[in-house]
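Which chain is which? They are A, B, C and D, in the order written, and residues in each are numbered from 1.
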Amino acid sequence: MNNNYYGWGLPIDISTHGASVDRLIYVIHWLMLALFVGWLTYLIIVLIRFRARPGHTAAYKERHFKAPTYIEVIVALIEAALLVGFSIPAFHAYRNVVPPADQAVQVRVVAEQFAWNIHYPGADGKFGKTDPKLISRVNPIGLDPEDPAGKDDVKTVNQLHIPVGQPVIAYLSSKDVIHSFALPVMRVKQDVIPGQEVRVSFEATQTGNFEIACAQLCGLGHYRMRGFFIVDTPEVFQNWLKEKAPK
Amino acid sequence: MSHSEAELKNQVKVYISVFVVLMFLTMVTVAVSYLHLSTLAAIAVALIIASIKAGLVACYFMHLISERTIIYAVLGLTAIFFLVLLITPVYSV
Amino acid sequence: MSHHDHDHHGHHHDLPFWRKYIFSVDHKVIGVQYAVTALLFLFVGFTLMMLIRWQLAFPGQPLPGFLSTLFGDANAPGGIILPEFYNQLGAMHGTIMIFLGVVPLSVGGFGNYVLPLQIGAPDMAFPKLNMLSYWVYFIGGVIMLFSFFVTGGAAQSGWTSYAPLAVIAQQGQTFWLIGMVFLITSSLLGSINFIVTTVQLRADGLSFFRLPFFVWAQFVTSFLLLLAFPPLETAGVLQLMDRLAHTSFFMPSGLVVSGEALAISGGGNPILWQHLFWFLAHPEVYVLILPAMGIVAEVIACNTRKPIYGYKSMIYAVVFLGFMSFIVWAHHMYLVGMSTEMSAFFQVTTMIISIPSIIILTALLLSLWGGAIRFNTPMLFAIAFLPMFGIGGLTGLPLGLAASDIHLHDTYYVIGHFHYVVAPGTIFALFAGIYHWFPKVTGRKMNEILGKVHFFFSFIFMNGVFMPMFFQGLAGVSRRLWDPTQYAHGLSTQPLNVFISFSAWGLALAQIPFILNFFGSIFAGKKVDQNPWEATTLEWSAPTPPPHGNFLTPPVVYRGPYEYSVPGQKKDFWPQAMKETN
Amino acid sequence: MSAPGEIRYIDHPHPVSGVTNAKLGMWCFLASEIMLFGGFFSTYVLLRAGNPAWPTGSHLLNVPLAALNTVILITSSVTMVMAWYSLAIKSLPKFKMYLGLTILLAFAFLVVKGFEYGMKFEHHIYPAKNTFYAIYFTMTGLHGLHVVGGIVANLYYLFPGSKMWETNPEQFTGRIECAGLYWHFVDLVWIFLFPVLYLL
């Protein structure tokens, strides 16, 4: 694990969409800082200038200020711009723009207390059928042994490998409680709701060993629901898949 | 509430008529349920009838028809949030 | 209590001790009961947090000293806090601070004591109901505390109690739900009382636009409690059904827990809980902050010796804020998979609701302009509230925008954000209120030197606790982790955790002067007359401490609430109830 | 001008708001009740929308019994309003008769409800069976609790509470008006529960 990836601020971003998230975070923090420094400067000046002292009395008549109204309007306009210009399109892209399934690496992520089951469709590109009734210790995702599409499926626990420079579609589901699938370096976070399958897509821009984090309290093992998130070159990734394929 | 004698006498007639209408509407809504309407039509008819009945109870038994502004204000606010609570979740799941 | 010799108060003096101080129907006694109970709960909640901070600073290391054996083998064997116990501490810290500490202090305590006085009423509209509210709250609190001692311990699914986790949790969760039903009922009864009192019992001449801002804030807060709390009661009943009658309101089909299929019918929806929960819990945020703004407005007006800037626009803003707070709740749920249209709607409402907050904050800041500012302890806390609440509000922006929320959701950034609103925000305002109204309640002032020591150290340590959390959050550290160093980004920010923990323990030490001051001043504080701050609002026209029935003659109001430094007056304050010049 | 220490507008309306304290308080309470049941109806809508195989209530539940209960509850609403009316025309005996009738009808409602529940339990149908029965039992159960609450309040006003008629008839009439508001609200909830659970 390379510690240069992480610091006391945003971790590195290795995703294609992350820049839009980071840009919004930066812009908004600059706005916040400007407003806050403005308030604070004003506050300090006022506290010194209008301190109670002999010979100084308060003014009853309200001095009408125009500047605050302008500032409020400007802030409102900036908020509207951030909303329309940054947040709504970026969130729309994050949630709705999905690469065609045949050009993407597809993967199912089945969360449970306290592990991430990763399920690749294998060479045929088709996920085998699953059924909660079939779940057992040896079959943690309830894969149907009768289904031919599932024969070549690759299953791992806490090992999410993806190729660099290729879109990935992850189908998230949960066996028990609500988890939240977080890839901090990918700027991906998505609640995993039992009874539903949520789709999230992303693309990595550099290789490396990273982490999957659980972001939603899911029980006493929440803190250790950590997975490995490994971005490889496409060749290494394909080799890994072959290696893991059931024989 | 203060009412004059004549007004009060009239009240009883109002209560009785509302009672008759409520009974009639109850029969109608039960009868309609045996008609095997489509789900959507059935829901619409049942809810319209229920709303009329509820309106009658609220207006005449609870005297909302001649209530004070403050009560209307409280109920208006409640009605808005009631609708928000009723409708929003189903659209965001 | 000083004794006032008035015939109509005679019956009150005959009451036995338990009717006068325990099962009292007097709003002032009930207010003090609420305040003292809530302060105790704040202390309990704070203690839980300090234990959490030990685990976060030194993950997996045994607690120091006698603490290592205090919690027993079930919770902390060998002094090492177990994850189960850690989750209890977290869930109960949140629950206790919000539902048993801050709201009962700001609404139950200050609201009960001050509101009837400020509107010139002899008591709340329904005194017996008021007593009932307190005792129902008390029972709810006892149930919550008791749950620590049942098998499996207290609730451990977070204060949000998301299903299905909370449904399959141990029995502590059942106690939590039952406790919540009591607390909700108490709040509902209280809010009805506040609304009716404000509408019906205002003194003659006290029109709505002459009400102190504090009363407005409480009035709006009461509507939030009245209309937002019932859906949580619904949710609580449904979760109780899921837990006790094994229904499946929040449980979808096909759940498999620890390799075992759950024997339930399924067909429910976990998101339903979140909707019903946040339908309350977002307005609840404003329940936490509005009374605090009210207190700050009172203290600032009094200590700048001038009227509040933009009084009417502040009132419009607070009403609008209250209304909007009902339609922003789903911004807590951007990442549950809702449609982007729905999230766009909630982003828009969230940005809109930031405007009235900014208006109120700006008005309070501008109120300082042209004043003659007295730097006493309540004023210091009120001034500090402004930038601290500012930070809390501003950091809400990146969380309210769905795109930036992708990265920040459920991280320490969220914790930093809402604690800035509630801890150095609301709790500072509550301290301001305590120092401000203490002389009215007891007839004695609190010590200024101890007060200032309390303020400056609290201010430093508060920021020491919460400022680093933004950096942890940006780094992506998830909330509610027993051991954040499991993750690489958690390891890199671990020094911040150590710093935060020491700040938190420093913050605890900084409360010692407050506790000494509070109890010491009851007996040894400087005695004061009925209006020591030379304030204008009605509570300062009542005797100190106010007798049963509050006012010797029913007050009549002649002017607005903040007539300070009026030209042509000899004194720089002109009380609302004073007919002649002052 | 009232004496200091005395709470105003207990028995006569506030000149501006036009209502007494109790009446405003009762309407606020009903507003919170609307939101409480709003949460349940919202739950119903959401669960039903999420389940294509939602059963039709009339196939599973006893419509004639529920229709009978509707009739009983509506009748009790009329007797309740007549009880208030009797006080308005200053007749305590008539009031007692009508309020007594209201209480009897409320008991009748609970008895019918009890039969209905009993029949379900006989067939081993409990709330846990599916979400339809879960919401049916929860909503009717909660409504039943409201009926019980109404009975308790009305019994109080029928016996010990009615002493107030001698000392402060205005306040007592006001209290009965509030009790009536509550009772009509219970009726009103049932008016919606009946089609929503039993007919659709």
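Simple rule for what comes next: a contact is a pair of C-beta atoms (placed from the backbone, for glycine too) under 8 Å apart; a residue touches a chain by one contact, two chains touch by 3 or more.
Everything numeric in this text was worked out from a predicted model, so none of it was measured.
When the interfaces C-D and B-C are ranked by how many C-beta pairs touch across them, C-D comes first. For the pair chain C and chain D, the distance between mean C-alpha positions equals 34 Å. Taking the mean of the C-alpha atoms as each chain's centre, chain B and chain C sit 39 Å apart.
Taking each chain's centre as the mean of its C-alpha atoms, chain B lies 14 Å from chain D.
Per-chain Cα centroids separate chain A from chain C by 31 Å.
Residue positions of chain D touching 2 or more other chains: 17, 24, 28, 31, 35, 38-39, 42, 46, 50. Shown for chain C are the residues that touch two or more other chains, namely 199, 227-228, 231, 268-269, 271-272, 275-276, 279.
Multi-chain contact residues of chain B (touching two or more other chains): 70, 77-78, 81, 85, 89, 93. Contact annotation for chain pairs lists A-C, B-C, B-D, C-D, with touch applied as defined.
Contact residues on chain C toward chain B in their complex (touch as defined above): 199, 223, 227-228, 231, 269, 271-272, 275-276, 279, 326-327, 330, 333, 338-339, 342.
By the touch rule above, chain A contacts chain C in their complex via residues 1, 3, 5-11, 20-22, 24-25, 28-29, 31-32, 35-36, 39-40, 42-43, 46-47, 50-53, 56-63, 65, 68, 71-72, 75-76, 79-80, 82-83, 86-88, 90-92, 94-96, 112-113, 132-133, 135-137, 142, 175-178, 180, 182, 184, 187-191, 193-196, 198, 211, 213-224, 226. Residues of chain D touching chain C in their complex: 1-9, 14, 17, 21, 24-25, 28-29, 31-33, 35-40, 42-43, 46-47, 50-51, 126-131, 134-135, 137-138, 142.
Across the complex, chain D meets chain B through its residues 17-19, 23-24, 27-28, 31, 34-35, 38-39, 41-42, 45-46, 49-50, 58, 63, 67, 70-71, 74-75, 77-78, 80-82, 85, 88-89, 177, 180-181, 184-185, 187-188, 191-192, 194-196, 199-200. Interface of chain B with chain C (complex): residues 70, 77-78, 81, 84-85, 88-89, 91-93.
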